[in-house]
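Following this line, the structures themselves.
Note that chain A is present in both complexes that follow, paired respectively with chain B and with chain C.
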Partner chain A sequence: MQARWLLPVGIGATVVVQVAHAAQYMSVEQAQRAAFASATRFEPIAATIDAAALGVADSWKPLIWRVWNGNATAGWFFEDAVIGKSELITYSLALDASGKVTKLEILDYRESHGGEVRLAAWRNQFRDKTSADPVALDRDIRNISGATLSCRHLTQGVHRLLQLYSHVLAAKP
Partner chain B sequence: MQHRMLALAIATCCAALALPARADEAALKAEVDALRAEVAALKAEVQQIHAAQSAPAPVAQAKPVSQQPIAVTDAAAPNPGRSMSDAATANTTSLWGYGQIDYNHPTARAADARADLTRAVIGFDHGFNDTTRVYGELEWEHAIASASDAGESEVEQLFIEHALAPNYGVRAGLMLVPIGLLNEHHEPTQFYGVERNFVEQAIIPSTWREGGVAGYGNTDSGFQWDIGLVTSPNLGKWDPTSPDGRESPLGAIHQEMQLAKAHDLSLWARLNWLGVPGLNVGGAMFAGKIGQDTSKQFEGDANFPADNSRLLLGEAHVRWQSGPWDFTALYTRGTISDTQDLNLGFLGQPTPVPKAFWGGYAQAAWKALAWNQSSVVLFLRYEAFNTGAAYATQPQGLGTPPLPTQRVLTAGINYYLNPNVVFKFDYQDFRYDDPVLDYGNRFDLGIGFQF
Partner chain C sequence: MNSVRRARPWLGTLVDIRVDAMDEACAVRAIDAAFAEVATVHRLMSFHEASSDLARLRRAPAGSCVRVNARTHEVLDWSRRIAQASDGAFDPCVATMQVALGVLPVPESNFVPDARAHWRDIELLDGERVRLRRPLWIDLGGIAKGYAVDRAIEVLRAHGATRACVNAGGDLRLCGPNPERVDVCTAGGVLFPAIELVDGALATSASSGAQHLYGRTREAVAAGVTVSVAAERCLVADALTKVVLADPAPSRLLAAFAAQAWMHDARCGWKPLVLAA
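After this line comes the complex of A and B, so read on.
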């Protein structure tokens, strides 16, 4: 170990300081505000999920809000979680009133690897997707090399929320 | 308090219902429907409140009730498999693993056909709290490890990770070297072909790990970076009588943190850019002294002439995945300095220390079929590598000529029963046969899984 190594180590430390404030986990409330800046009310919704029809586990219970802007529905907001490689990734999904994705946010990522799904460029692929789109990895959603499991499972998570919207919520008056 | 408000609300509803109807029937019906829906929502909310009070879920209670969504039909039921963002993750432990079983059949030497349980791996991941975890990978190679068997039992990774922020942190312990595309992601479902590619075995000695401290992180613009200060390989381990150094120069001298000589340390650095979905372009380097002051060690080799020998390994790659396509190109080159005197002492032995070694491959894969969870992927890979591309100059007549460059063309199929279970078949065409290193045209069958 010699002094000349200290230079790159110092550069590395500088990089660490530089990116210290680049990204933050979001709370549900922050994610709701980010998705619906002018919403007047987030109404919690009870939905009966026919697990068999949607092809999901019986235990699946996403949290659902109907978003109001005055007397009009501004959209829908979900909080859900999927397994990444071995730990849960908590995320939120915002749909506009017609069921189109407006925002996917990662609220909490706990694993050692695969956290690159937080990259905005990757999450932006879901924008404007609807229940009619495949929303499948390697079809209309691209992978992040080295974070395949997180990408696949989050894509499946968004897919099932879109199906939930179209089967259950879209018909709500 | 909540109960009282609820009772009040329900009473108001009932009172409203009891009022004499002045509007026409349709309006009344609409009003009743609206009230019914409201009562149903209130009922569900009462259930939710009961559930929150009876279940040990302080997190749920901490949320303002107005923000508390109604979690579908039976809120009191346990909710396995998920928690909300602010749920505590303290003391969570998860197990994972993978396995690989291979059959190799050299076409010219059918008698050398071999079936092997190549790897069985159990990994764990334990979170002490929200920011600190320990991550471990335990591996058995070739089925049985004992004094009289060829198998190995090894700790492949064991490190503490502490997140300083959501997108960067530090690790300390035995870690995989972040170089190339395979070393960190070596599960059999992650690569095409029965065996790992040659370049990332012969030049980058996968699975390569070193002990030390490292920083990791990624930025919003798509950069993923790693920097580490870790143990070095030990050139004192070089055995000129063994073919190991010809198969993989670094594989012959890495120490895997087994009573590793740690006088000389190395630095690793990697930078990837993932800013366009589907694209991974980047490179890595590993550099440091590897002589380990062998001549000065208590039980070292007093005549060891390469105390100051230095390793530099560089790597660059690009991978593009879009729709059914997956294209990869990777190049890596390494040098070892100050080997002239060492190799003089190895004169007459079959395996001197190379001054330079390199390898590269290009690979294209195409998902030809996909149904339900299954898929069939066809791939083609061309590799070229040379583990002894140059040797230090020696006095006239004593020099070592470079080894010929080995070239391998591999074509095959990965059949994924589901994304985590794969059956593989491939055919490999070698430019040079080398029975010692087990190089020669062959076909391979493989089973792999991960969970």
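After this line comes the complex of A and C, so read on.
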């Protein structure tokens, strides 16, 4: 191990520079393939979202795909974004044909300041979760002290997508 | 061959894994295995989850032997070593006070913890067994994230990766021969291009309110201070940031663990706590 300090002693006492910080992890196509390796087709779905019934903002427009394996539905795939404390996080959610969460991936994030994005949304708590289960902080998703808004918002994002699935997509023939 | 980089929410933060100079399919497999290991560490050492080893210890009567996973045993062993070396400034038993202050949620437990209990009351026995001499609650939040990063690096290496970076919300470890610059984010949310690191770990902790407690007195450390510690293992770097926040004259301790530390506050800016050898 070698560590070399790069800054003069005393720097940072007065000068404050906000640095934009961003990371790109996966493209939507990569995330789709990672979630559904044997899918034959990803069909974009233009769902009509009843914002009032779902309790979401009118402007909420997640991207939705129905995933086909031959003539059978293999599952559903969503791309959505949530705003954390100061960052925008784009993520994808994959559901199997019965509506269970199989994969949650961060696609990218952008934030107005440095490295730390705290998300207390434990992945295994999303696994096997269906829209019949309440997804809420302080209930079955445990929040962690010190977590910023990112965690709440990612949790809420997954909850909204599961609601959308059960209200709009599950009944599709 | 390009880098492959993935991020998933684990350990209460965003865990970011990057593998360089490896065939893409192999890198993806290595990264998936590393995330699986991070998930295992998370499940075993979560303060909150009812199935974690820590929750199992809270259900067993004090004085009884509880068998835990080898990983939990290893982290408890390191916790005791760092607690001993820091004369209790690092103490995973501050959880009781953190719950009282509302920093941690009230966990399920079969006993009321003894407020006087401390790290010496955690007895490690062979066969991966643990015995609590007094009723106490353990929180590994100050060390398990670093351990998860170390384990992820080991898994990546076992899958053939030679150049990689694992970053769990600011606790990171690099492996490989190339130096890389690491930016440090301070308590005020400012990013500094601070450190060039080769094949080692860097952890950063910022104090804010009652989040970090001084193990000896159980009092909150001063707010607005940021500490970065470089060490070979991320577990050591992670744990020592908490010690340095509590005790900013840690020369002997840093030397004992071959670590370097830097501190930032808004008044004095950055200063090294021990000059590099």
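Definition applied: the second predicted complex is superposed on the first by the 136 of 173 C-alpha atoms of A that agree within 3 Å, B and C clash if a C-alpha of one lies under 4 Å from a C-alpha of the other, contacts with A are read in each partner's own complex, and residues count from 1 in each chain.
Just so it is clear, contacts are C-beta pairs under 8 Å (C-beta built on N, C-alpha and C of every residue); 3 or more make two chains touch, one makes a residue touch a chain.
Since the structure is predicted, the reported quantities are computational estimates derived from the model, not experimental observations.
Enquirer: With the two structures laid over each other on chain A, which partner does A:Leu54 touch: chain B (first), chain C (second), both, or neither?
Expert: In the superposition, A:Leu54 contacts neither chain B nor chain C.
Enquirer: Looking at chain A, which partner touches more of its residues: chain C or chain B?
Expert: Looking at chain A, the partner in contact with more of its residues is B.
Enquirer: So, does A:Ser27 touch the first partner chain B, the second partner chain C, both, or neither?
Expert: first
Enquirer: Which partner does A:Glu79 contact after superposing on A: first (chain B), second (chain C), both, neither?
Expert: The first partner, chain B, only.
Enquirer: Just to be sure I read the superposition right, which of the two partners does A:Phe42 touch: chain B = first, chain C = second, or both, or neither?
Expert: A:Phe42 contacts chain B only, not chain C.
Enquirer: Would you sort A:Leu104 into first (chain B), second (chain C), both or neither based on which partner it touches?
Expert: The answer is second: A:Leu104 touches chain C but not chain B.
Enquirer: Considering only touches as defined above, state whether A:Ala170 meets chain B (first), chain C (second), both or neither.
Expert: In the superposition, A:Ala170 contacts neither chain B nor chain C.
Enquirer: Just checking: does A:Trp65 make contact with chain B only, chain C only, both, or neither of them? Give me first, second, both or neither.
Expert: A:Trp65: touches chain B, not chain C.
Enquirer: Based on the A-chain superposition described above, do chain B and chain C contact any of the same residues on chain A, and if so which?
Expert: 1, 5, 9, 12, 16, 19, 21, 23-26, 86, 109, 113, 115-116, 118-122, 142-146
Enquirer: Which residues, counting only chain B, touch chain A once they are in their complex?
Expert: 40-41, 44-45, 67-73, 77-87, 89, 92, 94-96, 125, 127, 130, 133, 135, 161, 164-168, 181, 184-185, 190, 215, 217-220, 222, 224-225, 227, 229, 264-265, 267, 269, 272, 274-278, 280, 319, 321-324, 367, 370, 419
Enquirer: In the complex of these two chains, what residues of chain A are touching chain C?
Expert: Per the touch definition, chain A meets chain C at residues 1-7, 9-14, 16-19, 21, 23-26, 34, 86, 104-106, 109, 113-124, 142-147, 150-151, 154.
Enquirer: Okay, in this complex, where on chain A does chain B touch?
Expert: 1, 5, 8-9, 12, 15-16, 19-29, 42, 44-49, 57, 59-61, 63-65, 79-81, 83, 85-88, 90, 107-113, 115-116, 118-122, 125, 138-139, 141-146, 148, 152
Enquirer: Which residues of chain C touch chain A in their complex?
Expert: Touching chain A: residues 5-10, 12-14, 16, 28, 39, 42-43, 46, 48-49, 98, 102-105, 167, 169-170, 179, 181, 183-186, 188-202, 211, 230-232, 258, 260, 262, 264, 266-272, 276 of chain C.
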